[in-house]
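Presented below are the structures under discussion, each in the form of structure tokens.
Here come two complexes built around chain A, the first alongside chain B, the second alongside chain C.
Here is the complex of A and B:
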């Protein structure tokens, strides 16, 4: 195999493929990236048997062929290459990689050991979404998933496709993010997708743009972009029926400027930092919200903001990190907070100004109990 | 402001448990009373001065105590009661100075330097403390007053029963010299034995000893420390009580256990007791420890640290049970079991609540897969059950709600096991 590639395209392809697959390697061959040059394209493949990534970049091929190279090493090298074409010559098992005046000889791995990648079936039903809308949906929802590997079901994002809509939901048991989005081309089905894989798919969506094709199959889901495919195994087990958690009524509804609340929260929670689980207490009264945090070691902080408060006043305490994540997810200049009492979940929603259309997002957050 | 030369008080209740029993039951006054387990392996936890005249002392096997004093009155432990009285004692001490360092339920150090202007010199304060404890609690105590903790401690022991001793700072070295080495607070029995075998019998001999030689005999740290103590030097300061660092309960069995199921039940009991105390202290701990002592006296401890602090009995049971399983005890004889919680934090201060916890219908939870949201350990529903059980225990004394596994337990009604009343309450509750 011998080829010549654009450095930026090549580096982005290798970076995405290696990062998507991660570093948990169970077989030596899985630490490699398989490069295959055929028909004017370089196909890069990586997998850890859970997630498979395929990236195609246009290259100038002198001699077709394939070679398996150590993924991390390759990724580190190309990330630091000067901005000149990259040449790869795999005439011997010492593969020569040249970029400008830099050249490296890297020992190839045995390509026969590399597994066949999981790919979507050609005739499987395919849904289509706008790539930017998909990336936004993932950014809003996936952060609410748990990182506790001991609770695998909660480390996933639940995708539910029905009636022309895709609904994504994630929870770590303290908060729940639910977002719906209309399909361009609709499919039906559901999947519990590892949050990390979905975030890599979103990364590809931002980088590539255009549209994303979603293929939900038994035990796996695939995301196809221009020149990239990501297929991931699904998490086994059933996701909690999150709809049963969504409150059907509230007592108090608050509309507040999001940026102001975020800034005040960041200031007040400086006091809370350094000591895990220090809550920030929000007190909603006529026309304002008071933020307050106390840390026995550091001291306390308080700040007041204007807010439209509709309903009885109340106090409620939150983990500031969770609240900030929720505020970030909503995205609109104003947000709405719906409350029942200080121990019941709060609902955050984007607040539409005039006849502006907002995302169909619900961020449910459990308070902290302060005695 | 200049420090008073002898600002340290050591207040030690006399025969505390026994005195409380004699006070609460006038029929016991003037009689040789011991507190402790009456069973085959019971030991004396405290002996009244009447009993001590027969040679009975604490930590003595009950069998031996009865032999020494045939008329001995044995009273079961009422630790909750002693703890309550202890709090009253500590409250009196806290009126004198915030610098109170409790050593146990029945003794504490005070640094009264700041209180001298208000209440008089340290011996006067000591006299006042003794008078208040006598008048308000009807209990005897002894007080030592001296320049250091070590001296104050030594003096309260020598003031017993019901007395006060005070050494002036300039007299300390001379007064110490004739005392036996074991009088020093910090010289344990092993150290004393070793010192005596090298001919160091009195504090004076220790004070005169060549330090390098002494260090070779009893080790670097101990040598340095005892040499200083023998010269009346003690840099240890009175450290006001911190919040408890761990809460634990353990039990020695009259007969060794060999049935893993029975061990499990005892672990459950201990966890229940510890959980109740953790909740009563408004704290929560992250580290759960299981202690097992075998018939051979070999002791193993195993611990596990949770992702977040807990005060739930259910969590303690789950973790302690898993630790017990992890030991794979088969065909072993177990003499003692203990469960403890450490890594304590401010449990009730702020706790992140869990989604779905307020949904009350258990069936719906399970059908909806919402159980997946419950904290990895335990379940919020247990928390409610336990709080109710705590309330019952607080309101009706020891009558309470317990685990079903404990209710039909034919075991002896000791201080850990539920009493006959527990069982009755449990049966009707079923």
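Here is the complex of A and C:
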């Protein structure tokens, strides 16, 4: 195999493939990236048997062929290459990689040991979403997933495709984010996708743009972009019945400027953050919300904001990190907070005028007890 | 609502898949879990069924004959000769194993409340695998830097040595490097503190009572 590639394209391809697959290597061949030069294209493949990534970039091929190179080493090298074409010559088992005046000889790994990648079946039903809308949905929802491997189902994002809509939900048991999005081309099915894989798919959506094709199959889901495919195994187990957690009524509804609340919360949280998980208390009264945090070691902080409060006033305390994540996810200039009492979950939603279209996002947040 | 179904029955079973096996007629416990797993238990042994079929599978209940098949083509056939009990219960959503021992409890609590380790710290993964074994927590600090956390009940020199080895392996990973080390325990011996500091590893003593109280302070949705 001998080829010449654009450095930026090549570096981006290798970075995405190696990052997507992660670091959980169980077989030596899985630490490699399989490069295959054929028909004017370089196909880069990586897998850890859970997630598979395929990236295709246009290259100038002198001699087609394939070679398996150590993934992390290759990613490190190309990230630091000067901005000049990259040449790869795999005439022997010492593969020569040249960029400008830098040249490296890297020992190839046995390409025969590299597994066949999981790919979506050609005839599987395929849904289509706008890539930017998909990336936004993932950014809003996946942050609520848990990082606790001890509860695997909570480390996933539940995707439910039905009646022309994709509904994504994630929860770490303290908060729940749910968002729906209309398909361009709809499919039906459901999948519990590892949040990390979904976030890499979203990254690809942001980088590549256009549309993303989603294929939900038995045990796996695939995301196809222009020049990239990510296939990931699904998490086994039952996702909690999140719809049952969503309250069907509220006593008090508050509309507040999001940026002002974020800034006030960040300021007040500086005091709260000094001590582990110190809550920030929000008191809603006529026309205003008071934020307040007390830290026995550092001191107190308080700030008041204007707010439209509809219903009885009340106080409720939140983990400031979780509240900030919810405020960031909503995205609109104003947000609506729906409350029942100080110990029941609060709902955050984007707030818009009647003629405006907003994301169909619900962020449910469990309050903290204040001693 | 999916439920766990328990049958006490005299039954025979044959399994046909990677190998074949037969259970002759006897009274056994037959369990069908809400996620679809089917297991046949005898009155000996702690946790391992005599025969079982993981989900996803298809259970064809023909009355006194059950045929369970999975996508790999394996087939478990159960002949129910006499059923003594047949009950179904919807169990609570499983919150996962509460691992015994203070170390595991500390790990779980610190994963949920990484602020107790360092303000602003965010837990990325528990039991993060390295070539030399799993490090207890992989975290990111507010600047995005990777932090490897090793947790012990009593912090001694051995634990610092263990974390040093993990850090050396993790530093080789371009996606992680640079990695900071943080040694956490309910009590840390003076020698371990000195060794950690000499190696640029941070240490923190954890108040388990305060951490347990955090769970009370922060109720869950389910």
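Convention: the second predicted complex is superposed on the first by the 369 of 371 C-alpha atoms of A that agree within 3 Å, B and C clash if a C-alpha of one lies under 4 Å from a C-alpha of the other, contacts with A are read in each partner's own complex, and residues count from 1 in each chain.
To be clear about the criterion, contacts are C-beta pairs under 8 Å (C-beta built on N, C-alpha and C of every residue); 3 or more make two chains touch, one makes a residue touch a chain.
Computed from a predicted structure; not experimentally measured.
Superposition of the two structures on chain A shows chain C clashing with chain B.
In the superposition on chain A, A:236 makes contact with chain C only, not with chain B. Once chain A of one complex is fitted onto chain A of the other, the partner contacts of A:218 are limited to chain C, with no touch recorded for chain B. With both structures placed on the common chain, the touch criterion links A:19 to chain C but leaves chain B unconnected.
Legend: residue contacts after superposition of the two complexes on their common chain; A:76 is shown touching chain C, with no touch to chain B.
Comparing chain B with chain C, more residues of chain A are touched by C. When the two structures are aligned on the shared chain, A:137 is found in touch with neither chain B nor chain C.
When both complexes are overlaid on chain A, the residue A:147 reaches chain C alone and has no touch with chain B.
Among the candidate segments 240-248, 330-338, 348-356 or 420-428, the part of chain B whose C-alpha atoms clash with chain C in the superposed model is 348-356. With the contact threshold set out at the top, residues 148, 150-151, 171, 173-176, 237-238, 240-241, 245, 277, 279, 319, 343, 345, 364, 366-369, 371 of chain A are in contact with chain B in one structure and with chain C in the other.
Across the complex, chain B is touched by residues 148, 150-151, 153-154, 171, 173-176, 237-241, 244-245, 277-279, 317, 319, 343-345, 364, 366-371 of chain A. Those residues of chain B lying in contact with chain A across their complex are 282, 307-308, 348-359, 364, 367-370, 372-376. Looking at the complex, you find that chain C touches chain A at residues 2, 34-35, 55-56, 71, 93, 95-97, 99, 108, 111-113, 115-116, 119-120, 122-127, 129, 172-176, 210-211, 214, 216-222.
The part of chain A that touches chain C in the complex is made up of residues 18-19, 22-24, 72, 75-76, 79, 147-151, 171, 173-176, 218-219, 236-238, 240-241, 245, 273-277, 279, 319, 343, 345, 364, 366-369, 371.
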